[in-house]
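Got a structure for you, questions after.
Should a chain be cited, it is by its letter among A, B, C, D and E, assigned in written order, with residues numbered from 1 in that chain.
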């Protein structure tokens, strides 16, 4: 086991990103095609529109162990689906306050408008976000003794029965 | 004559120093020099390129190629008047003036610069002047420079000196700041921590080709 | 419906396939390690690696595993799903699996190409693979949606690219709408004198094509018109076109010029756009003799009749066909098309932005496009190359790369300037016998017959000085420079700075995106590059497609191009559009939202969220309902549903939650 | 047929759940006749040792209400789990952590100081606060440890059924007893209430507009609430769309907005997050500044969104070292 | 408005007239100005040839002194008339803002002298202040003695405009033109406004330095200028003090007065020659059109 000090020094934050298919995900692909290297800490989950971002996803990612969440959508006015990104913005503003009320640093969630052509912005934002979260340190949520999800989702989904989720 | 001049038009790989470009480009934004497309805008803009042995563009090519001796012993860097025309107009935003400074510093540190070229001496005198007293004393600087390089020119300059003295624009008084210790402390940190060679080590005199 | 994975009792058997992509992935990601890692993930029955998963042998691996019953779901870790998701879904389907029991992990664009450190790259790849594995467990078998394609096509922009695309489609029997913003089609090509390297007369080869457009029964030409609205999706676009009033009834006008003669202005008043402002035109005008349609137009901004009403309106009397209507107003037309080709072209760089070149300050400095007009026999000087004082120049400097290859203006190479500069050099030499100096950074002549043309110019004794021009001034240092423009540049091949006195300077201006390219991009829902060129779907393999299906690109709106390239691309765009129409249907991603009927409380939160009107309130059941045909699959309503009763195929809550878990839990 | 043995136990709760059982009124007689009550400390004298003496699985069903926040509660429910075939979480505190769960926004030390020292009605110059272990003349007094974090029942033991509500509606309680008596229980881990949101049974649904365009959120005391109009349309933060039905819209009938005691539907994992998304949807603005100003009118986001479900939420407590009400 | 003032070494010796005239003009305009106490050399040009890092530290000390001199809440810009100092300080400001690594080194060094740099101060040239803070309108309202009929070639020099300043166009500067035009002068249009005068070389490689200055003088004269206006002590020195030597060298008879633009402004404001250091000029100001004061 490394010393506590070492952990602090080498803290590699886990950041989950939700990128919309049309702008930000494409921009991330573009950054790849252009071989723009950036911090490896961000893991991208593709959604069709930033409007699909359910605040539950953000909280769940924190619960699962993410230290930061990045949300990427089309610029205001440029949404592939016209208005989805405004919906994302409204939720994000409220969510940011909620997170803050929970005593979690606001900087751990970030919303960025990144157009399909802005590969360089993906690179910059990911690097910045990684640095910001690195400075904040691990989130370290207090563990919940048993999984919350288990009893909340009950039995409605047939897939649950064949999944390996938890001990149920 | 420059040391490079005697070497003719061939360079063997063993003559070159591949790390030279890295050394020069380690200044802030210095890595930009690798994006040079050799368009010559710098030379075209430079008011002094006609006096240089290599044009500014050639200097970049030589830095990239590792022509360390040729660059450090060329006149070009010493003729740069730091007017920044090249830096402003460069299509690739290369801060060529800063690169010239980097080359000058290296040349001084390594003692490889053209013989009897008074600029390094001026620079050194200026540096010493400022490090000691915090300010430059124009009059004393010029006097010392002339004494060290070409005392004969003293006579040449006497008329000018007299007129300056008459109009109150020239003085041999030593200018100085009050808190010299404070400044020394600042500079000492940098010397110690960042291997800036102290002025004793930088003494000029070792000249190229000598 | 396939037999795989349909029943909930079916055991979930996942195959993981990690692609090397040659060395694109394997040089950064330890593929064997990820394969061993994936093998241990829950439900994974097969874990393999292969050099190129998208190649046939790679796809065969998956198909064999499906056929042998080893797997019923698959995860391919390779490039972006935007690249190869359709490929692998097909692979699944062909082997009898359901194409949607599949998930991709993007370990190339998002990992190997962007990560410096090999260990970090491998870890990131593993976490993306585990996310895909976790997610695919929750995938449901789906059927793709098929929608018929409207057979008409819209071409936006009537330059050579738009003309060629329209003609190709029309000849194939398709109905085409060609919309052009200017009063005439023809674009930049109509302004050129000769074309390189063959020195064909530009008008001679373009005019027949323009007439063909006019005459073709399948083409509806709307000049002086703009697209103002685009709705719908591939195969089913609804487009609104504004037809600006030209104050001339198009059907009646025969282009006789009588109205222009009769205008109360006896000479030109307004800079003539077609002649790059070198001469002036009247408020009523026909842009150029071969204009198509050959119909006059009245410029409302400068016509006093329209502006003030206080004009004798001599033009109206002069028109025997009663074609003038000063009260004309704009018209909005709505059309439905299946595909759209954008060929909106470029604009030239504004040379005033480079102050040191003195454009607009000193006389006798022209842009290349101005010189094109001057050289043209139909141009303002009747093809004479003259100085402001009427004399022929004895020395002319041609400055390359004006507004190109410069971080402060445009970083890119404009591609056509070297060749057109050579062409102009030839024409100047031919017409005036002047000494011609080309100042260039690099001579770029890759093209059929291009290098040979360069050779020819070298033999014609045109001067070539390799060096970017630093400055053009009237500051003289020697007697022979007196009264001349002095071009200063380093002759880099010699290593000296030269001052070249000349009588005339031609600035070879670069190509830039149209100033409203961003707006047009937004209108058609396509992206622009950082410079503002329209972004193609793939720079190599899908150069005329865009990320919006059914919208294709042709010509210089996608990047600087010469005429042959523009025409070739226009042909390719037309072929893509034809392929789409010919197939007759489009397959839509089945990622629509759906209501879990019995669970919806009818709270109406979602009803008004849908911009496509796909959600409505079912008054009988008192629940929301989604019209799958209208839903575009954004999922905004799904995220908004307070009771979780709305879900989205391919993006269900369960799928995303498990992806989140997978992406964090492992590696 | 042998009567099924039934137990009742309470943890951190207000006692309202026990009252709710009495709300069965005369029907309670039928219940008592059909079952055998073996453990109900609030009504009858039982000791822990009585439970310890039982065989494992002897109790058919044990109803537990209240959240878990002391070591004693923790031990007791673990014991009951052992002795019972089925455990049902009774009421929102047991199911989700409930109102006591809001204590998770503070830490224990701060909370004790607030209650025993700082509260304006307290006169405690000696600064006496409860201690777990205290020496008195008679010997050692041991109090159960108060946890820093309040938990839902499901966090500490396996729970078979959940009966939501604060308190659970009488008709649902009745249904449950009937199921027990008739031995027709649904699959385990079911929430014993309809899995549809409250709007479904709300009398005001007809009045709800297709689009809410709110520029401000209001508290009930700020306006004269129209008794017919949809409460959301009046700018009140009614959580009906997020909350499971089954209560018959009791609060709304009393002209008060739903605060979400019935918890989320089975498809929702985090009640507050879904409440948040429903609220965000109704904000009528695209401008970041204006949205912020509108959101300003939500005074206590956590208390509003997680009134009954904080311990069972994804984040489940406050994380800053220095907490609200503390020295900060 | 009040400003801090960094004179630099030249304005205390060869460029004394610049300081005298600038201070007079500023006080006429009601601008308060405080010299930074115990300022040191900015570390420009020649110093940079030895150590860039130390040069940054020298400039940083000046900023730190300036910040200390102001109250913590106050803010004042630093007026720097010397073009070389202006460039040196501006460069340091930019580099410290953009390069955190460098900033850390410099912070550490300043720390050794108990000094702090927070980057609050802007570096301003008098031309910038006069054009943008005071405004042409106010300046022309104080006009007493119009410079009518005087043909002035404004010479900006190189380091004033390049590469960090942003108050004027790098290619076609006009701030000085506008000022002097407003005071009645006629402005000579010439293309060498910002071409280097060779200043830093005149002391060392004199033939080259003289040649560069001579090109400027010749072109200015050719375009009919009566006075060259400068904004840099080194430019003024080169163009004026070496004129006789140039004439000898190039067998020419150039005799163009070279004044600081602040001196010309002072004349227009009706200030006395003494206040403006006119007596320090080698080549007396004389008018092309028989101007009273000149």
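Rule of thumb we're sticking to: contacts are C-beta pairs under 8 Å (C-beta built on N, C-alpha and C of every residue); 3 or more make two chains touch, one makes a residue touch a chain.
Please read all numbers here as calculations on a predicted model, not as lab measurements.
Undergrad: Does the complex stay in one piece without chain C, or which separate groups appear?
TA: Minus chain C, contact groups: A, D | B, E.
Undergrad: Would you kindly count the fewest steps from chain B to chain C, each step being a jump to a chain that touches the current one?
TA: Minimum number of steps from chain B to chain C: 1.
Undergrad: Between chain D and chain E, how many steps is the shortest route if every step has to go to a touching chain?
TA: Minimum step count, chain D to chain E: 2.
Undergrad: Farthest chain from chain C, going by the mean of C-alpha atoms per chain?
TA: Computed centres place D farthest from chain C.
Undergrad: Need the most distant chain from chain B, centre defined as the mean of C-alpha atoms.
TA: The chain farthest from chain B, judged by C-alpha centres, is D.
Undergrad: Chain A to chain C: how many Å between their CA centres?
TA: Measuring from centre to centre gives 32 Å for this pair.
Undergrad: List the centre-to-centre spacing of chain B and chain D in whole Å, with centres computed as mean CA coordinates.
TA: Each chain reduced to its C-alpha mean, chain B and chain D end up 78 Å apart.
Undergrad: Using mean CA coordinates as chain centres, what's the gap between chain A and chain B in Å?
TA: Between these chains, centre-to-centre, one finds 52 Å.
Undergrad: Out of chain A, which residues touch more than one other chain, so two or more?
TA: 54-56, 60, 87, 91, 149
Undergrad: For chain C, what residues touch not just one other chain but two or more?
TA: 356, 609, 639-640, 653, 657
Undergrad: Residues touching two or more other chains, restricted to chain E: which are they?
TA: none
Undergrad: Considering every pair of chains, which are in touch?
TA: A-C, A-D, B-C, B-E, C-D, C-E
Undergrad: Which part of chain B faces chain E closely enough to touch in the complex?
TA: 27-28, 47-48, 51, 78-79, 81-85, 87-88, 95, 97-98, 101-102, 104-105, 108, 117-120, 122-124, 126-127, 130-131, 134-139, 142, 145, 160, 163-164, 167-171, 175, 177-179, 182-183, 185-191, 193-194, 196, 202
Undergrad: Along chain E, where are the residues that touch chain B in the complex?
TA: 9-10, 12-17, 38-41, 43, 45-54, 57-58, 61, 87, 95, 98-99, 102, 105, 108-113, 115, 158-159, 162-163, 170, 195-196, 198-201, 203-205, 208, 212, 241-242, 245, 279-282
Undergrad: Which of the residues in chain C end up touching chain E in this complex?
TA: Its residues touching chain E are 355-356, 473-475, 477.
Undergrad: Spell out the residues on chain A that touch chain C in their complex, using ranges where they run on.
TA: The contact residues of chain A facing chain C are 14, 16, 21-23, 25-26, 28-29, 31-33, 35-38, 40, 43-49, 51-57, 60-61, 64-66, 77-78, 80-84, 87, 91, 115-118, 120, 123, 149, 157-159, 161-164.
Undergrad: Show me the residue ranges of chain C that touch chain A in the complex, using the header's touch definition.
TA: 8-9, 11-12, 42-43, 80-83, 106, 108-111, 113-117, 120-121, 123-124, 127-128, 131, 137-138, 522, 525, 527-530, 535, 539, 547, 591, 609, 611, 632-636, 638-640, 648, 651, 653-654, 656-661, 663-665
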